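Some structures to go through are shown next.
Both of the next two complexes hold chain A, though its partner changes from chain B to chain C.
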Partner chain A sequence: MTGRGADGISPADAAVAGGQVTGEVLTGDTLAGAAREAPGEHDASRADTRTKDNRAWFLVLPVVVSVAFTAVIPLMTVVNFSVQDIFSPTDRIFVGLDWFRDVARDPEVRAAFLRTLLFSAQVLLLEIPLGVALAVSMPRRGPWASAALVVVALPLLIPWNVVGTIWQIFARGDIGLGGWAVNTIPGVDFNYTLDSTDAWITVLLMDVWHWTPLVALLAYAGLRSIPDPYFQAAQIDGASGWATFRHIQLPRLRGVLTIAILLRFMDSFMIYTEPFVVTGGGPGNATSFLSILLSKIAVGQFDLGPAGAFSLLYFLIVQIVSYVFFTVLTRTGR
Partner chain B sequence: MADIRLEEVSHSYDGGRTWALKPMTWTWRSARAYALLGPSGCGKSTLLNIVSGLLSPTTGRIWLDDREVTAVPTAGRNIAQVFQFPVLYEEMSVYDNLAFPLRNRRYPRAEVDRRVREVSRMLGLDDHLGRRSRRLDPGRQQIVSLGRGLVRPEVAAVLLDEPLTVIDPAMKWTLRSKLKEIHRDTGHTLIYVTHDQTEALTFADEVVVLKDGEIVQAGEPAELFLAPAHEFVGHFIGSPGMNVLPAEIAGGVVRVGGTAVGRAAGDGGELPPGPVRIGVRPEFVRITAGQDAPDAGDPAGPGLAARITGLDRMGSHHLVHARVDGHALVSKTGPGSRYEPGTAAFLRFDPGRAFLFRDEVRCGSLMPLEGRGGT
Partner chain C sequence: MLEWMVWTPPTAAVFAGLALLLAGMAVWARLSPPVARRGFLRIETDRGDRLYIGLISAAAVLTGWIAVTDLSMWLALACALLVALVIGIWG
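For the complex of A and B:
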C-alpha cells in the first residue's frame, strides 16, 4: 500500500525526487514514475516514502471496527460453538471438527439439504420466467404503467409472517377460499396439513406469489432501460413479437436477471418464516427445510455445537452456490 | 425504388395543441441523396419516423409512387432506417444480424446467404461476418446497422437519423464517403437527418432545411449558401452565419442609417417602402480601411461607414468584426489582411449576394446603385 497525499513526504525527499515535482500532490504512482525515469540516486528516497504512509491504514479503522461488530464477532461466536461440546458455561470440551462431521453425515440434514435445493430450483424455474413474462406484458408507459406497478408490487409489501398467516388460512380446506375452491370446484382432495405434496405445493405457491413481483419489477426496470430505437429497428426488420423478445429484450435483461436469480436463490434457500407459519416443517418432514431444521437443533434442542457447525456449513453452501451462479451468469455470452 | 410523396402531412404529439410538423407537401424523389437539416427539436426525426411508418401522421397521406401507405405498418413499407447509435442484435454474429430482416420475411436460405454476402462485400464486412456484433468498434457497428437496411431487396429508401453522432471524427469521413459510395452503387434514395451543416452540404444532392416543423428551403448546397430564402438558412448554414442589418426602403432605395447601400429589387415585383433586413454572408462583405477610401468619383460612394471592433485570426482567413450604425457585422477576409481594431472603415456588399428579408423570409435582393445614390 502506497501513501496518498504529500504530507507523508518530507521536503527533503521531495527535493531529492526532483525540484520540479515539489508542490504537486505526489501519489505513489507518480513517485514511482519519477523514480523510473530517473534511476540511481532516487531509489533510496522512494523506498523511504513508501514506508512512511502506513498511517493511512488508520482511516480504514472505522470500517474494520463496524464490520467486526456486525459480522466477524458474531460469526466467530458460532465458530467457537462449533468446535466445542458445551455442557455448561464452565464445562466445555474442545472437539475439533467432530460436529461438522456429524452434521454432514446426518441423514436428516442431508434430506433437508436436498429438499431445500429442490425447493430453490423450483422457485427459480417458476419465478424467473413468470416474472419476465409479467414484466413484458406490463405497459411500458402511460397511466396504466403506474397502476400495474402498484398492483404487481403489492405482495412485496407484506411482512413474511403475515404472508404465512394469509396462506395458512387461504389454503385451508374448511375456511380458506383457495383450499375450499380446490376441494369443491375440481373436486380434488386438497389438505396441506395431512398431505405432504399438498403442503409442498402450498409453500411453493406462496413463495411464487410473494416473490415473483420482485423478479417482475427488476425485469421491468431492465426492459424500461432499452432505448426505443431497438424496438423501432425490430419493427423495420419485420421481427415478430417473439423475435423481438428473444433478440432484443432477453439479451438486455441479462444483468437484472443475474441479480434476480441470485436474490431469489439466496432467499428461497434460506426460507424460514413462511413455511414455519404455514406448516411448521410438516407434515412429517415434508417442508422441513434447512433453516427449519437448524432452528429446531439450535433453539428446540439447544445443541449449540452441532447448530454452530450446521450454520457454518449452511453459510458456506449459500456462498458457494451464489458464487457459481454469479460466475456462470456473468461469464456466459461474452 | 419509388418516389415518396407526402401530402399535407402534419404531426402533433399532444393532440393538436402544438405541432411538431406543420402540414407539408413534399416529394422525396427516387434515387436522390437528401439531407434533412435543422436544429434539434425542429421535427426532423418526426418527419423521418412518419416516412418510415414508426409514427402515423396526425393528418395527411403518404404515397410510395402510386401506392398509399399511410396506414401500412413499418414492416410493409420497404424502408430502412439507421438510428443515431448502432442498433444491433448484440448476441448475434454480424452475419446473423445482416440475415435477420430476411429471415423474418422468410426468404429461402440460399437467397439470404447470397444477399448477406453481397452486402457484406459492399460494406467491407467480409472479415467480420463471424464475429459477435457487440465486439465490433462503434463505426463498424453502425455499418452493420446500415447493412441490415441494405440487405433487403426493393428498399424504397434508406433513412439515416444522425447516424454519425457517436462515431469519432476520423471514422466519420470514412463512413460518409462509404455512404456516398453506396448511394452511387445502389441508387437507393437516401434521407440523411443531421444538424451538422458540413455533413449535410458534403453529403447531399439536395438539402432540405427544416425549422419549427416547416421546410424553409430546399435546394442544392450551393443554392442554400449563395441564395438563402430564409434568414434561418442564412444563420444555420455557413460559418459564421449570415450578417443581418436592419435597413429601410424608401423610393426603391435601401438605406442603412441614412447611407444608401443599393437598390431594392423585389423577388415578386416592387417592394413596398418600410423597414427591411439586409442579409449578407461574411464572405461577401468587402472592407476598405478608412484612409484608403475609394475616390469620391465612385458612383456608389465610399460604402457604409463602419468601425472595426475586433479581428479573429482563423489561419486560412481572418474574421473582421465591425459595427455599423450600432449593429455588429462580420467580414471574412484573406489571411494577409491587416485591420486594426478601433479604426474606421467602409463596407460594401458584393453585387447580387446581399438579400432583403421581411419577417425572416426573403423578399428581394440588393442591387448596386446606378449613379450617385442620395447623400
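For the complex of A and C:
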C-alpha cells in the first residue's frame, strides 16, 4: 500500500485501500471516517447510471421461511394468547387489554423489572471493563497466547445449568470451597440461601465468571486486528501505555464492544437458567428476575393470557434498549 | 388448521394492518426510493427507520398509558398514532 501511495494516489484513497485489504470494520475511527467520505462522493455520481439487479435477495428466502416458522408465527400466537382467557382451543373468551393492564400494574412484575434492569446494569459495568482489561493484558503472540486463550475460554464451554450447579455448591458455606473460604478466612457470614444480598452477589459473580470471557475474547479479536504500524507510530511518539490504550486500542474496539454490550445486555436481561438452578428466585424473591417470574406464570400456573401479555411487554423492553444501544454505538459521529 | 393459533378478529386486523403497511412501504420505496436525513431525533434515518422507531414508540406510549391510567385506551391509541406520525414526519 505504501508503495502505491507514493505513486501519486491521495492519502485518503490509500487509507481506504488499506482498510479494504485488511478487511476490517472501521466504524467510529476518525481516520476511516475521513477516508470513507471521499469515495462516497464518487459513488453517488456513478450510482444512477448502473442498472441494479437485486435478484440475489431471493437467496435469503430460506431464512425468511425458517424465521417465519420459528419466530413470527409463535409470536403471533403469543399476541393472540395475550388478549384472551383460554381454557381450550374451542373454549376461550376475548378479554381485550385486561391482561396487559393486570401485568403492567402488578407490583411483583414491576419489582422484577427493576431488579432485572439493575442486574443487567451491574453485569455490563463489571463485565465490559473487566473483559477489556483481560484482553489488553493477554499476550499478543507466542505459545502463551494460545494458553491464555484456552484458559479464558474455558467457562464459555460449560452449559448454563452446569454453571448453576457448580456455583450452587461452590458458594455453599458448609461444603463449598468459595462459601467456606469467605465464612472462615475474613469471617464474614455468607449464606446465599438465607441472605438476599448474598444471593444477589452469588448470581452476579456467577454471571461475571461465566460471561466475562466472551467480552474478553471479542475484545481480544478486536485488538489483534489492529495493524502493528499503529503501535509503532505510538512508540515513536513516545506515547505512554495508557495513551496507547485510550487513543489507539479503545477507539478500534468500538465495533466489537457494540456487539459485546448488546449480547451481554440481552443475555443478562433474559437470564434464567443460572439463578433458577442456584437460588430458584429466592430467598423470598430477591433474585426472581423477569424470566423466572414469567416462567412461573406461564409454565407453573399455566396462565397463558397473562404470560402472553407479560412476554410482549418484556419483548418490547428488549427491543427498545437494544435499538437504543445499537443506534448510539453505530450512528453517533456519522 | 390454524385453530391452535387461537385467532381473534382484532389481532388478525392488527397483523393484516402491519402486513399492508410493510407492503405499502415496499411499493412506496419502489416508486420513490427513500432518502436518509436528520430530523429532531439527531440521527440519520430514512422512512423505514422512522416507521420502526414510530411503531416502537407508539407501543411504548400504549404500555405506559395502560400501566398508569384508567383513561380510555382509544385516547391512548390516538396519542400513540400522533407520536408515530410526528416521528414519521419530523423525526
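Please note the rule applied: the second predicted complex is superposed on the first by the 265 of 334 C-alpha atoms of A that agree within 3 Å, B and C clash if a C-alpha of one lies under 4 Å from a C-alpha of the other, contacts with A are read in each partner's own complex, and residues count from 1 in each chain.
Quick note on the criterion: a residue touches a chain if its C-beta (ideal position, glycine included) is under 8 Å from a C-beta of that chain, and two chains touch if they have at least 3 such contacts.
If you're wondering where the values come from, they're calculated on a predicted model, not measured in any experiment.
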Chain A as common anchor, with chain B and chain C clashing or fitting: fit
Touching partner for A:Ile236 - first (chain B), second (chain C), both, neither: first
Partner chain(s) touched by A:Gln301 [first = chain B, second = chain C, both, neither]: neither
Of chain C and chain B, partner touching more chain A residues: C
Which superposed partner A:Thr327 touches (first chain B, second chain C, both, neither): second
Partner chain(s) touched by A:Ala104 [first = chain B, second = chain C, both, neither]: second
First (chain B), second (chain C), both or neither touched by A:Ser225: neither
Touched partner set for A:Gln84, first chain B, second chain C, both or neither: second
Where chain B and chain C come nearest after superposition, their Cα distance in Å: 18
Contact residues of chain A, present in both the chain B and the chain C interface: none
Chain B to chain A touching residues, read off their complex: 49, 52-54, 73-75, 79-81, 83-85, 87, 89-92, 100-101, 104-105, 145, 148-149
Chain C residues touching chain A - in the complex, by the definition given at the top: 3-8, 10-11, 14-15, 43-44, 52-53, 56, 59-60, 63, 66-67, 73
Residue ranges of chain A in contact with chain B within the complex: 227, 229-230, 232-233, 235-240, 243, 247-248, 251-252, 333
Chain A residues touching chain C - in the complex, by the definition given at the top: 73, 76-77, 79-81, 83-84, 86, 89-90, 92, 94, 97, 100-101, 104-105, 313, 316, 319-320, 323, 327, 331-332, 334
